[in-house]
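Next up: some structures, all given as structure tokens.
Both complexes below contain subunit A, partnered by subunit B and then by subunit C.
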Partner chain A sequence: MSTGHTSETRRQLIRAFSSTRRRLGLTVGPSLVWLMLLLLAPLSFMIAVSFLKVNDAYQIVYEPTLANYGNLFAGSGPFWQSSFFQSLVLSYELAFVTTIVCLALAFPLAYLLARRGGRTFKVVIFLVLLPFFTMYLVRAYSWFLMFGSNGVINSTLMTLGIVSEPVKLFGFGKFAIIVGLTHAYFPYMLLSLYASLDGLDFSLVEAARDLGASRIETLRDIIVPLVLPGIISGSLFVFVPSLGAFITPRFLGQGKVLMIGQLIENRIDSLYAINYGGAASMFIVVSIVIAFALAFRYVSIEDLGGI
Partner chain B sequence: MATETTSETGVENGTYGLLGVDRTDTILTYGLYLIAAGLLVFLWIPLLVMVALSFMVNTSTLFPYKGVTLSNYAATFADSSLMMALFHSVQIATIAAFIATVLGVLASFALARYDFPYKELYRTLGILPMVIPGVIMGIALLMYFRSLLSVTPGFWTVVVTHSVYGFPFVLLLVTARLYTFDRSLEEAARDLGADPLTTFRDVTLPILAPAVGAGFLFAWIRSFEDFIRAFFVKGTMNVLTTSMFSMIKYGTAPKMNAISSFIVFVIAIALVVAMNLGNVTEYVAGTEADE
Partner chain C sequence: MPSHDTEGTSDGTSTNRRTFMKAAGAAGVAGLSAAAGCLGGGGGKPTINIYTWEEYANFKDQIENSLDVKLEITKGTSSAKMFSAFNSGQDAQYDIVIPNNNYIPKLLDADLIAPVQKDAVPNFDSMYGKFKEFANSQFSKGGEMYGIPIRFGWYGISYDTRAIPDPKHSYSELWNEKYKGNIVQYDNHFKAISGTALYLGFTDAFEGDKVSLTTDQLKQCKQKLIEEKPLLEGYIAADPTYIKSFEQGNHTIGFSGRNEIVEMWSNGDDWVDYFVPDEGSLAWFEGAAVSKKSDNKEMAWKVINEYISPKIGASLAKAGYSPSCNPKTQQNLSDAENKLYGAVDPSRLDGFIPFKAIENEDAWVSAWEDVKTA
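And then the complex of A and B:
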């Protein structure tokens, strides 16, 4: 009885996967519905809200308006003095610097890993991945312990008698945020660069050197063009999350500097100001779309996944 | 390998040594090692300081040194609201990773094996949750749940949010495995008389299993460590990250060092296990056969 039942189920399952349309429906369908409901719909709704009127009780009045965008730049002074504009510029600045720092630091290590295989590779990758897999919040917190006028760096320097009063650079602020963001997103850059460098045929490098190219020329004319997809996708994976970062600037800025992610969180969490949050988020969303559109001129979506 | 190349060219062309090119190469090689070592120190030092502080009487700075204690850990594990939050995080991560894995494996088959209209668009949509900053995804979902659907945020809103967040990680790992899959193995099974289901169970699934396992693990960790998405859609409930955040909102806390270090230990062990099974290294370095 029970075996008859199972074979019936089996036949049904096999039949379900034998027609192309049903097979597609079964494989694509569930995730498509899920992503539509929980990704596309919320994002579309947010975009819609940013163009809609919201009353004082933060209820949506379905009336189109551009006021939400105007309000972002409103204030007592000209628009470049508004807190939104300042945060936006600061976020771009910090995300850009972080990307450059990650690129400069990750390239030598990725190059070394690509040229050395085996045990060394496994150990180094483990040492790089462990901090990477550690909770993002914990990593930001660990830097929070290091920085500050009473932080580990300053108190150690003072105990050792190297400095007599706290060094400002190791206090909370832009430098601390850049260090924290670099620490957080460095592995994305490393893995992207490694994936590209590992596929590089190093006999090309040797050929260039044998034919008389200098080291700089070899790097510029051979290595960089060949690993460009890795450089671009790594930069994208550092720049994009840095731009919208929240915890790192929250812990390491200590209110001295305000990145855009914090500004949005402030308005939503305390006021549920969804019109302000929606309009402000659009600036990040549009920035990301532009960054990806630029990147796609050089790499395909498969390259971005690190496949 | 860098040093090997240098010595080979040196032997082939004796004049290099005389011109001092060899020495430059040696300096550059040592320079590379120095940078690599410096980076590892940079990646590790804050975590090591934090772990050290978790065992110390003084909880925020190393000096003046006041002694070693386990009381921070005792206090942490005795904190019932923190342990409750930890339990919520584990539950949410497990359910969310399960949903992400089921949807991700099905979607991977479609992407790797079938052709259909708007395939690239679908692939982009699938990778999107990994790319959208957490703040944006969090507030978009909060608005959607609260203002459009009138759902009260809580346990299940975090679960579905994290299932979407984990989806791309499963998708990337499993499609990568399917692209390198030797389909003649399946054909051989079919030729030998196995029906499609048996073939799937005995041939396809065992080959795919490491990638599926790694995908589940990635999705699980992403959910477990996420703060910002959970922060917006959690309602009045707390997960581990959000209760940790409220602990340090206004400064350091001895319990924070202990719970953070505990997580580092657990993840270190999990990673050693995963790497020895080959899943994680394969993800970053390709399969052993490639090398």
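And then the complex of A and C:
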């Protein structure tokens, strides 16, 4: 009888997954396999290759060496004059500035959204997220049209008679890259800050003000400590991808700026120097690990997740 | 007691759980079968996978009908990416790759490509003698040829005639203070350093099988490029970006390929002009190669033969604004089209310095990085 067969099957399934370990395997197992195949395995390969050689036939030679790390800083002068070091420092600089700019722009808006809520929140979030329904490349290209000596910004300023010749600031370069990266990662900062501010007890803010604290003191001593997890998680979400960016600097730097992602990409495309690329990438990986370690020193993982 | 058939339903007319599961399972199997069909290729025809430039996809239907084959075309934007893809294991995924000529020796060195089956490429015999010569030198190893030239072009300097009516026909214009902030240099170590080397008179370096600048020559080229940097609007490699920057007025003079300018002329931009510097011109040509791991090598070479046939070759030249290496394609182009991307004075070909592999490319890339970070 099919009914009896179904009941038996159901009993067998219940028995098979009665143990906690088997239930865990079923729920967590696929994600774990995914992480191992697509994150841990490539990362392990990259770390391994950073200690190996590549011969003239572009094949990996399994002879461990530290030469790849030395070659990063090789050059005629001291190591701080090497192109790798300069590119790395520039990447940190641009990622840091982008993070600060995102924080400065997102914090007031997140505070307003947390105080107002309701319809204001929905409208603002929709407007912030609307550009993200298009492909990132399209958005980067649209910024390309804005900048440049005869881009939309300079053309408008010259047409209005505000300037008589193109403003160098609105040409391609670091400023344009910072604008592009800020535009790309602003929502991550906004949403992280909003998640923290939404849980803030604003009566504490009112109490501080009633007790005579100035706005700056209230911000510094009450608001910032309470929303620190949001600030840190938002900063990580902006800093980490900005550090390794290469599409935005390619469009908006017009080759005059060489960030570490571009340097690695060029090495691999031109020379198939995956050993060099692996060693260079380790600096990014290690700095990201350090950033997370510092973050966890001040906030717990539950706080970062907004729990 | 309710029957199992109506279990979970309110009135027995909506779908019950068992029926839903059966239907969902059937839909899943049907979907997977369809997907497998898509992945597996059509019928009994061989499938040829090609990694090539965008416009090659325009002739997919013609070739499929002509050879009774299925083509899967992946569009690439740079020879470097084609090479690194092949080198990282994707040579098993593709049958044909069509990078610039200087990447064929790299693919050869990496033992990734198969020798030409000349019987399958009869159109090779109609090619310009110069390109047969290039194929026999650059694309050959151990007496066997490994690539077929398809189209070619050359590099030079393009300029806005409205801003620069009569430039000097020299690379020196890219270092001219008069054009400060309006100059574009090519964003590639090979082209930028080679152009600078020709400007500085190091033509001997281009005579061997590989380009070989001495350490001192490379240092001079690097220094020259660093001196140029403050005069630049930027470095651009991609054709559409170069054209957009030109049309937007972001630059008035730059190092570019001829095909970008032909495209602009074809679109009615008659204010742009182009010259080949007196110091020498770098010429590129596409090299079509078949993967060593291809299961359909003969058919792959037949497909390549179609790309240099008089009819499709002419259309390909028109699509990419670059002449075919087969002069017979001129029969299928109008006089105006031949003037732009068809007929080429054979004596011009003699003056070409073809792209070549670099003797010490690691040093070139390091020098280029020093320029970019200066």
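A few notes on this one:
By our rule, the second predicted complex is superposed on the first by the 281 of 307 C-alpha atoms of A that agree within 3 Å, B and C clash if a C-alpha of one lies under 4 Å from a C-alpha of the other, contacts with A are read in each partner's own complex, and residues count from 1 in each chain.
What we mean here is this: contacts are C-beta pairs under 8 Å (C-beta built on N, C-alpha and C of every residue); 3 or more make two chains touch, one makes a residue touch a chain.
What you are looking at is a predicted structure, and each value in this text was computed from that prediction instead of being measured.
Touch counts on subunit A: comparing subunit C and subunit B, the chain ahead is B. In the superposed model, A:L145 lies in contact with both subunit B and subunit C.
Legend: residue contacts after superposition of the two complexes on their common chain; A:L24 is shown touching subunit B, with no touch to subunit C.
In the superposition on chain A, contact of A:N266 is made with subunit C only, not with subunit B.
By the document's definition of touching, of the two partners only subunit B reaches A:D198; subunit C does not. When the shared chain is aligned, subunit C comes close enough to touch A:L90, but subunit B does not.
Once the two complexes are overlaid on the shared chain, A:G70 sits clear of subunit B and of subunit C alike. Once the two complexes are laid over each other on the shared chain, residue contacts for A:T134 go to subunit B alone; subunit C is not touched.
In the superposition on chain A, contact is made by A:D56 with subunit C only, not with subunit B. Once chain A of one complex is fitted onto chain A of the other, the partner contacts of A:Q254 are limited to subunit C, with no touch recorded for subunit B. Taken together, the two complexes place residues 59, 144-145, 150-151, 251, 268-269, 272, 274 of subunit A in contact with subunit B and also with subunit C. Interface residues of subunit C, counted against subunit A in their complex, comprise 4, 78, 80-81, 83-84, 87-88, 106, 109-111, 181-182, 185, 187, 189, 229, 232-237, 241, 244-245, 248-251, 361-362, 365-366, 368-370, 372-373.
By the touch rule above, subunit A contacts subunit C in their complex via residues 3, 56-59, 74-75, 83-84, 86-87, 90, 144-145, 148-151, 166, 171-172, 251, 253-258, 263, 266-274. Interface residues of subunit B, counted against subunit A in their complex, comprise 1-2, 5, 9, 28, 31-33, 35-36, 39-40, 42-47, 49-50, 53, 60-64, 99, 102-104, 106-107, 109-110, 114, 116, 120, 122-129, 131-137, 139-144, 146-148, 160-161, 163-164, 167, 172, 175-176, 179, 195-197, 221, 224-228, 232, 241, 244-245, 248, 252, 256-257, 260, 263-264, 267-268, 271-272, 275, 280-281, 284-286, 291. Against subunit B, the residues of subunit A that register as touching in their complex are 10, 13-14, 17-18, 20, 23-24, 26-28, 30-32, 34-35, 38-43, 45-46, 49, 59-60, 105, 108-109, 111-112, 115-117, 121-122, 124-131, 133-139, 141-146, 150-152, 155-156, 159, 183, 186, 191, 194-195, 198, 202, 206, 209-210, 215, 240-241, 243-247, 251, 261, 264-265, 268-269, 272, 274, 277-278, 281, 284-285, 288, 292, 301, 304-307.
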